[in-house]
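Pasting the structures in now, so scroll down.
In the two assemblies presented below, subunit A is common to both, partnered first by subunit B and then by subunit C.
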Partner chain A sequence: MTLLLRVGHAMGPFHPTVGAFARHDVVRVGWDTPKLVGEVQRVTWQLAVGHPTEELDPAVVEDLVARGLLVRVEETPEGRLAFARGHRVQPLGVGTLPTDDGGRVVGTWTSPVAELDPEAFDIWAWAHLFPDLDAAATGLSGASAIPGADPAAVLDRLVHRLPELLAAGVLYLDVPRDGVRPAP
Partner chain B sequence: MSSADDSPPDAAELVLPVGHSLGMAASGPVVEVRLGAAVEQLGPAEFALWSMAHSDPAGGRGPWGPAGLLDAAERVELEGAAGHLEALLQRGLLARAVPGTPSARALADTVRLLPLTTGLGNDHQSPQVYRMGRPDRLLAVGSSATYDLFQWAHMESSLWRACEAAATVAARVGATDPGLVEPEELLTGLLTGLHALLGTNAVCLDTWGVAP
Partner chain C sequence: MVPLGRRLAVYDLSREHDPRAVQAFVQLAGQTVQLGGAALHLWDAAQRAGRGAADLAREWGLTDADADAGWAELQALGVVSELADTVDGRRAWAAAHTLHPLVLGLGEVADQPSAHHVGLPGRPLVQTTRAVRDVWAWGPLFGDLWTSVGWHAAGHAADGPPDPRAADPDLLLADVVATLPALLQTTAAYVDLALPAAGAA
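Showing the complex of A and B:
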């Protein structure tokens, strides 16, 4: 199976003038801001948090993949590694109350968003300190609640947990900060 | 960033929380705050003060500084607030800065602005107003300059570098307003409105990844 995941920090619709319909939705991906034009593109991006369904328009998916707004992750060690070297995660929300299983509630103190178990919490809290997900898997191997004897096993878990964390809105995928920077 | 002299407090001085709340440990009444790659543990009184430093709990619109924070602590009968304030400043979990002065620049050199929510775009009835939050919960609003820093500042290696970059971009597209093309003015504008973003957890100040 292949995962289809949305990439980027959602920046919402842009209304050019008072009362006008949104011209497009903006997403920040690395140093770029690709646009989602129209509801089909916007919804396709929003829904890409796991295994693609047949309802998604293949042409729209291809376009968004080509523009870096979606990424396909082949669920093989090689596929995960290729994805991990080209992407990182960024957390959304703050940690608040403890959960019964030793995890945390994440969101804001007045409006919880998700309950994270210890493994998910460690991904949320720490993976973003590394320049990409490959480095995160290496750094968190043996030093977190993510089980796995080696970085490849940790990366397997990390990729496995990404869809639900993306869907819950407690993190987003990005490309490495030092990846491609536009010329001044 | 703390002052040891007895000069009267500057009315424009701000107190700002630094760090990303990781939440309450299951083991006891301690809140963990990530400061860079380290975890700082805050006891209940320390956390109360750190929390109140995010924004004026009474909703005041004036500069939110150490004097107001200590007044608020007294109103809620928080014991030892002055000592906790000093300790949190020493630990780097709180910072003091006066916008438009070297203390603001010193702060901006040592932190990054990390967005903790998504952008909701501009308001269709007031396109100059930009919104931040989740689709089901608006957390904060700001100008295009604030939204620009919300979107881009964390990509730079310090808040100051972010202000420099934003000013360069604004000048390149033809802006002339000093509030858009002067890094110092951008920083002043951001710091002046920052508590509205910190208080709703729309952003936090982080020390991870800071480089000169």
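Showing the complex of A and C:
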């Protein structure tokens, strides 16, 4: 099976003039701001948080993958590793009071958006501190609620939990930070 | 007074909701910092009210002695920073800190093309200029805020008019600092320490 995941931090719609319909939506991916043109591209990007469904237009998916807005993750050790070395996560939201049964709540004070178990919480809380997801799996091995001391096993769990964390809006995928800034 | 770090969790250890019995964990520079009840309430009040934090914390049930102890704890832990709102003060502060978004960009305000909203889907939290929105959104790519502001200002200068405030790094930073209370109040952003090697990370 292959996962299809959206990449980037949503920046919202661009209106060319006051009152005009949005021309496109902007996403920040690393230093770039690729555009989602039209409703089909926008919805395809938003829905890419797991196994692709038949409703997605293959040509649109292919275009978004080619532009780095979507990534396919082959669910094999090699596939996960290739994905992990090319991507990182960034968290959204803050932690608030837990639920009575120990769930950890993430969001804002006024809008809690997700209840996370300890494994998901540790991914949200710590994975962004590493330069990419491969390094995150190594760093979190044996040092988090993610079971397993083997980085490959931890990466398996990390990739397994990403779709729900993306869907809940408590993190986004990005590309590793480039040491060289482009010209502004 | 700017609170630093991202709140990870809050625990109310009392049955009577005594603010002194609350504990919180804040992530700062990749480390977990534990805050006691008075310190947490002052840290949270500083997000909402800046220099009025102590008054707000008192409204939440802290005594003057609690507030004094809370400030001492925050300063000892390094989870607050002084920002002098002058050109030099802003520069020095920005060079020592980073700014990180915690919500989404929501695009332009429908009837104000130069204004942008950030927030949750369908729920704008803060209105900013395009230039401030960019500094906020690109924050994770930079090792410090002053480098980030300089990079964005250079980009606006290269594009030419129409926004001279965006093209001058000091004016752009002043606008970022002016927007900071709203960003912190709504948890649309948090401030962290600059990375050890400043510049792009």
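As a convention for this text, the second predicted complex is superposed on the first by the 174 of 184 C-alpha atoms of A that agree within 3 Å, B and C clash if a C-alpha of one lies under 4 Å from a C-alpha of the other, contacts with A are read in each partner's own complex, and residues count from 1 in each chain.
In this text, a residue touches a chain if its C-beta (ideal position, glycine included) is under 8 Å from a C-beta of that chain, and two chains touch if they have at least 3 such contacts.
Because the structure is a prediction, the values reported are computed rather than measured.
Enquirer: Should the superposition on subunit A be reported as showing a clash between subunit B and subunit C, or a fit?
Expert: By the criteria stated at the top, subunit C and subunit B clash after superposition.
Enquirer: Determine, under the contact definition given at the top, whether A:28 touches first (subunit B), second (subunit C), both, or neither.
Expert: both
Enquirer: Is A:62 touching the first partner subunit B, the second partner subunit C, both, or neither of them?
Expert: Neither subunit B nor subunit C is touched by A:62.
Enquirer: Go through the superposed model and pick first if A:169 touches only subunit B, second if only subunit C, both, or neither.
Expert: It touches subunit B and subunit C both.
Enquirer: Once the shared chain is lined up, is A:102 touching subunit B (first), subunit C (second), both, or neither of them?
Expert: Only subunit B; A:102 stays clear of subunit C.
Enquirer: Residues of subunit A that sit at the subunit B interface in one complex and at the subunit C interface in the other, please.
Expert: Looking at subunit A, the two contact sets intersect at 9-15, 17-19, 22, 25-26, 28, 31, 90-98, 104, 108-109, 111, 113, 125, 129, 169, 177, 184.
Enquirer: Can you list the subunit A residues touching subunit C in their complex?
Expert: Against subunit C, the touching part of subunit A is residues 9-15, 17-19, 22, 25-26, 28, 30-31, 90-98, 104, 108-109, 111, 113, 125, 129, 169, 174, 177-181, 184.
Enquirer: For the complex, which residues does subunit B have touching subunit A?
Expert: For subunit B paired with subunit A, touching residues are 20-26, 32, 34, 37, 51, 115-127, 131, 134, 137, 139, 151-152, 154-155, 168, 200-201, 204, 208-209.
Enquirer: Subunit B touches which residues of subunit A in the complex?
Expert: Touch list, subunit A to subunit B: 9-22, 25-26, 28, 31, 90-99, 102, 104-106, 108-109, 111, 113, 125, 129, 169, 172, 177, 184.
Enquirer: Hey, which residues of subunit C end up touching subunit A in the complex?
Expert: Per the stated touch rule, the residues are 6-12, 25, 27, 30, 100-108, 110-113, 116-117, 120-121, 123, 125, 133, 137-138, 140-141, 151-152, 154-155, 158, 186-187, 190, 199-201.
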